[in-house]
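Handing you a structure now.
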Amino acid sequence: MSAETLTLKLKVWRQPNADTRGHFETYQLSGISTQMSFLEMLDVLNEQLVEKGEEPVAFDHDCREGICGMCGVMINGQAHGPDRETTTCQLHMRRFRDGDTIVIEPWRATAFPVVRDLVVDRSAFDRIIQAGGFVSVNTGNAPDANAVLIPRVQQEKSMDAAACIGCGACVAACKNASAMLFTAAKVSHLTLLPQGKSERSQRVLKMVAQMDEEQFGSCTNTGECEAACPAGIKLDNIARLNREYLRAMLCSSDG
Amino acid sequence: MAIAESQILDSKVPSGPVQEKWDRCRFEMKLVNPANKRKYTILVVGTGLAGGAAAASLAELGYKVKSFCIQDSPRRAHSIAAQGGINAAKNYPNDGDSIWRLFYDTVKGGDYRSREANVYRLAQISNNIIDQCAAQGVPFAREYGGTLANRSFGGAQVSRTFYCRGQTGQQLLLGAYQALMRQVSTGKIDLHPRREMMDLIVVDGKARGIVTRNLVTGKFEIHLGDAVVLATGGYGNAYYLSTNGNGCNVTAAWRCHRRGAYFANPCFTQIHPTCIPRSGDYQSKLTLMSESLRNDGRVWVPKQSGDRRAPHEIPEADRDYYLERRYPSFGNLVPRDVASRAAKERCDAGYGVNETGQAVYLDFQVAIERDGEAAIRAKYGNLFHMYHKITGDDPYKRPMRIYPAIHYTMGGLWVDYHLQSTIPGLFVLGEANFSDHGANRLGASALMQGLADGYFVIPYTIGDHLARHQFEKVSDDHAACHEALESSQSRLTTLASIGGRRSPNQFHRQLGQILWDHVGMGRNRAGLESAIEQIRSLRAEFWEDLKVVGKNEELNQVLEKAGRVADYMEFAELLAGDALNREESCGGHFREEHQTPEGEALRDDDNFSYVAAWEFNAVGEPATLHKEPLSFESVPLATRSYK
Amino acid sequence: MNWLVRCLSSSVGKKFVMGITGLLLCGFLVVHLAGNLLLYVGAEAYNNYAHQLHSLGPLLVAAEILLLLLFLAHVILAVVTTRENRLARRQEYAVKETKQGAPLLQGFAHNWMFITGAIVLAFVLLHLSDFRFEARLPGPAGEAPYDKAVRILQNPITFVGYFIGCLVLGVHLAHGFASAFQSLGVNHPKYNRGIQCFGYCFAVAIAVGFASFPLWGLLFKH
């Protein structure tokens, strides 16, 4: 595909830090190649801002290949922009038209306070994992890997859930800022494997409790998270979490 | 770079047959009384496979651990990006693999520039890693019956690679991250994300602490402990464009180097042949496409230089399948370095495609005609999808365009068999050390090494260090802390106040270009000498013309970048100097003066069978070379050939 | 019992309760609709049914209390969770677009659950004041149930209130019915489409069924 260039109007959320109120700032950008990624477009904006002596727009990113989960902004009201199963860093400018206005906002959730501009604090996710998103096995304790057989279908299902990149788009897109898809992905990943079975009750109870403590909303089965998820995590994981929770509540002594 | 005094380095490899060295070493090590472990604090910098595994394992043993990373969460270390898989000598497929064979392949693959004892240990431990990860819930690919699946990777003749779809690194890292978070929940690990290590604190010759900058508040902090574990990854980003993530840097390693840790074999860098080429100046990174594509893709360029026809309009007769032409028996499957150099050779000669002329075609037409589109989709669907997403081109219809890119760095801080650097108490793990891959890393071996170091080596060797030494109490107001803190602070203040015109990014891009042109795939004396000159003058310009905006005491990504570029500027000179010193071609290091008439690498075992470990003197002054001689007792020296 | 309270007061637990109360209310709606459909059979059938129902005595009281509790639990939790969900995002987006590409009605239904629920609540209050307490349109003493129903249904305000109320209830159920299954963990590729389809059909049947009464009352003046 040959490259064309675009002229764009950007409305970007600027906020110096968590304690200061933010506002939208408008920028004109021209000569944006359709081959650029969205973040490269922001790089170009930032280079121009630095040139002018203005502070560049802060945004999170690391791998720029859709796997680390560090990037992510709302683009015209859509988490990670218009493409399905695509992170912000993998979104390319050929998706936009010449003359477009692009509104860029940070993830918004009480549990994800803004750090600066488009950067938010997602450490609540770490604390959810910390509450129980693991298998308790110390280094050196493991039996031979083939000692526990896992049927391929089961492993594939677990892998589907394990693919979550922890980006937070599900929270950002959900009208309730619920972290259910993220939490459900981890609960599913582990509960579907024999290795994760022994702690399944505790895990789901503790992770949900932590999720609530972090002030994420509850799930009203809107499905927007699934549509926004770049890793293709499906809603049936949320049902599985609910099931696991019900099971833990009624049939285990951990409830 | 002039070479100063040489001195032989002690690698502390135990005596005895290679198979027994690790056992012997473990037996000879002193142990820390379990009740005393909680009295020791260990600082682990980095949360990739190496750092994450180390932090978790050390905390499980009872040590107090402080863990640091640049990203907002430990789960985002660049290990996450590894796609292909992880090797182990399990021999589950019953196809003749063994610890010895993995050991042999790795030494040979490293072109005889690694330490045999380390490599053997790595092969030995490889099996435990798979067990450990499976127990943590890493969803490795399985056969229908439920046993683990393997594939052959990177030209290995046995299937020893374990994988989780195309996301092996992600899943292994999440396993380590979860183990780490479990220890955070028990209070044994104190987590410090969004921190950048700015300096090492050395007290009485022992590594006792680090200076970090809180990237959110901009505040400098001192963290003290009884040992420091550095697992900060590779330095591929020195080249600006690489397959590394934004957070990868040389700063942590370089700061330790400046404090006395030797830097080994910096010129051993690996180029990956199948990356998506850059499309313009704005390009910020290069994306790797799995090597497996070369199993079915054919590499070609037009026979006519400057042929601007669309690929499908170029008839068969006008195509040059140069790999098949030059290497009839291996064809498109020659190793990474050979394939990379061949592509560069064609492009430099003017046959490259793409607007930039820096790309070659990887064509699936024959495979699609032979096996059908569905079969190709089943094998490579996700890769084709990724390619399509990035380039907007449909590889089912148009050949892919690929070009080599910097991918991995075999060089790193010098460590002994205990993974201890030349500064006692500073241990270096994972890609940040130099130890196991020699001059070239085999596919699926880096993940193995990171986890081996973190799960199964450091927990033993650090205990030996702690048990053998006295650790007097050090507090924040120790002179060494003051000095380290103040020098880091003033360095950043200086960077912020130069008041020039060019952004750190512009300098970085320029530096990257110099390195890529002269210290990339093909290197020669004239080029390296000129590179060193260019680096020096660019560094001088950097300190005069740098422009940083924003404040120091807040999240300031320009300032962060400036600090890292400042270190690349110093490091690049060592990189080029090492390449200049190594008058031979081996693995990823190709000196054009040292090749056969057919263009193959020529190793010089008589003169260069050593690890080049460099000691820092001063910026702009030659580093001192220390040699660790390498001997090959178990794997006889041989020459690679892929004709 | 401590465990039950603890578990049910989590975000997931609250949704269980909402789902269960919602589904039980759906059950009531079925019975209620069936009973009221006797209006179409004739006065005698309807009156007989009503008398029989009222002759249940204490059982009916128990059922009414249960019904009240269901409503209360459902409504209180609706208010609590909706409030929590609002607080989970203190600052709204300047622009928000869906990525689902779902049919318009579906998107509408789940975004407006609290509003549709509130309208249903308003309707139920109106309805109770009409039928249970006869506050708005008091009728003669000893009026037969059939006559009472017809009288109330013929009122134009009833028409507007009931007609809208019943249709909105349909919208509430269009999302609510299937949603309750997801909340209770019932989700399987084999059954999902079935539950979803049944949910829509159910919503339409309930809405059309109930909305037909005010229409009937207005159109077929006796």
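The chains carry the letters A, B and C, assigned in the order they are written, with residues numbered from 1 in each.
Note that in this section a residue touches a chain if its C-beta (ideal position, glycine included) is under 8 Å from a C-beta of that chain, and two chains touch if they have at least 3 such contacts.
None of these values were measured; they are calculated from a predicted model.
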Key: Label of the chain whose CA centroid is most distant from the centroid of subunit C   = B
Key: Chain nearest the overall Cα centroid   = A
Request  = Can you check how far apart subunit B and subunit C are, centre to centre, with Cα atoms defining each centre and the answer in Å?
outcome  = 62
Ask   = Just curious, how far off is subunit B from subunit A if you go by their C-alpha centres, in Å?
value = 27
Ask   = Any idea how many Å lie between the Cα centroids of subunit A and subunit C?
value = 36
Key: Residues of subunit B touching subunit A in the complex   = 53, 56-57, 60, 71-76, 78, 80-81, 90, 92, 128, 130-137, 139-148, 164-165, 167, 170-171, 174, 177-179, 181-182, 184-185, 191, 193, 216, 245-247, 279-280, 282-285, 287-288, 355, 386, 389-393, 455-456, 459, 503, 505-506, 547, 549-550, 554-555, 557-558
Footprint of subunit B on subunit A - complex, ascending = 1, 3, 16-17, 33-37, 39-40, 43-44, 47, 49-51, 53-56, 58, 60-70, 83, 86, 90, 92, 94, 115-116, 119, 121-123, 125-126, 129-131, 133-146, 148-152, 155, 158-159, 162-163, 165-166, 189-190, 193, 195-196
Query = Which of the residues in subunit A end up touching subunit C in this complex?
reply = 11, 24, 74, 76-79, 82, 84, 103, 105, 108-111, 173, 175-178, 205, 208-209, 211-212, 215-224, 227-228, 235-236, 238-246, 248-249, 255
Request  = Give every residue of subunit C touching subunit A within the complex, in rising order.
outcome  = 3-4, 6-8, 10-16, 81, 84-85, 87-102, 110-111, 113, 175, 178-179, 182-189
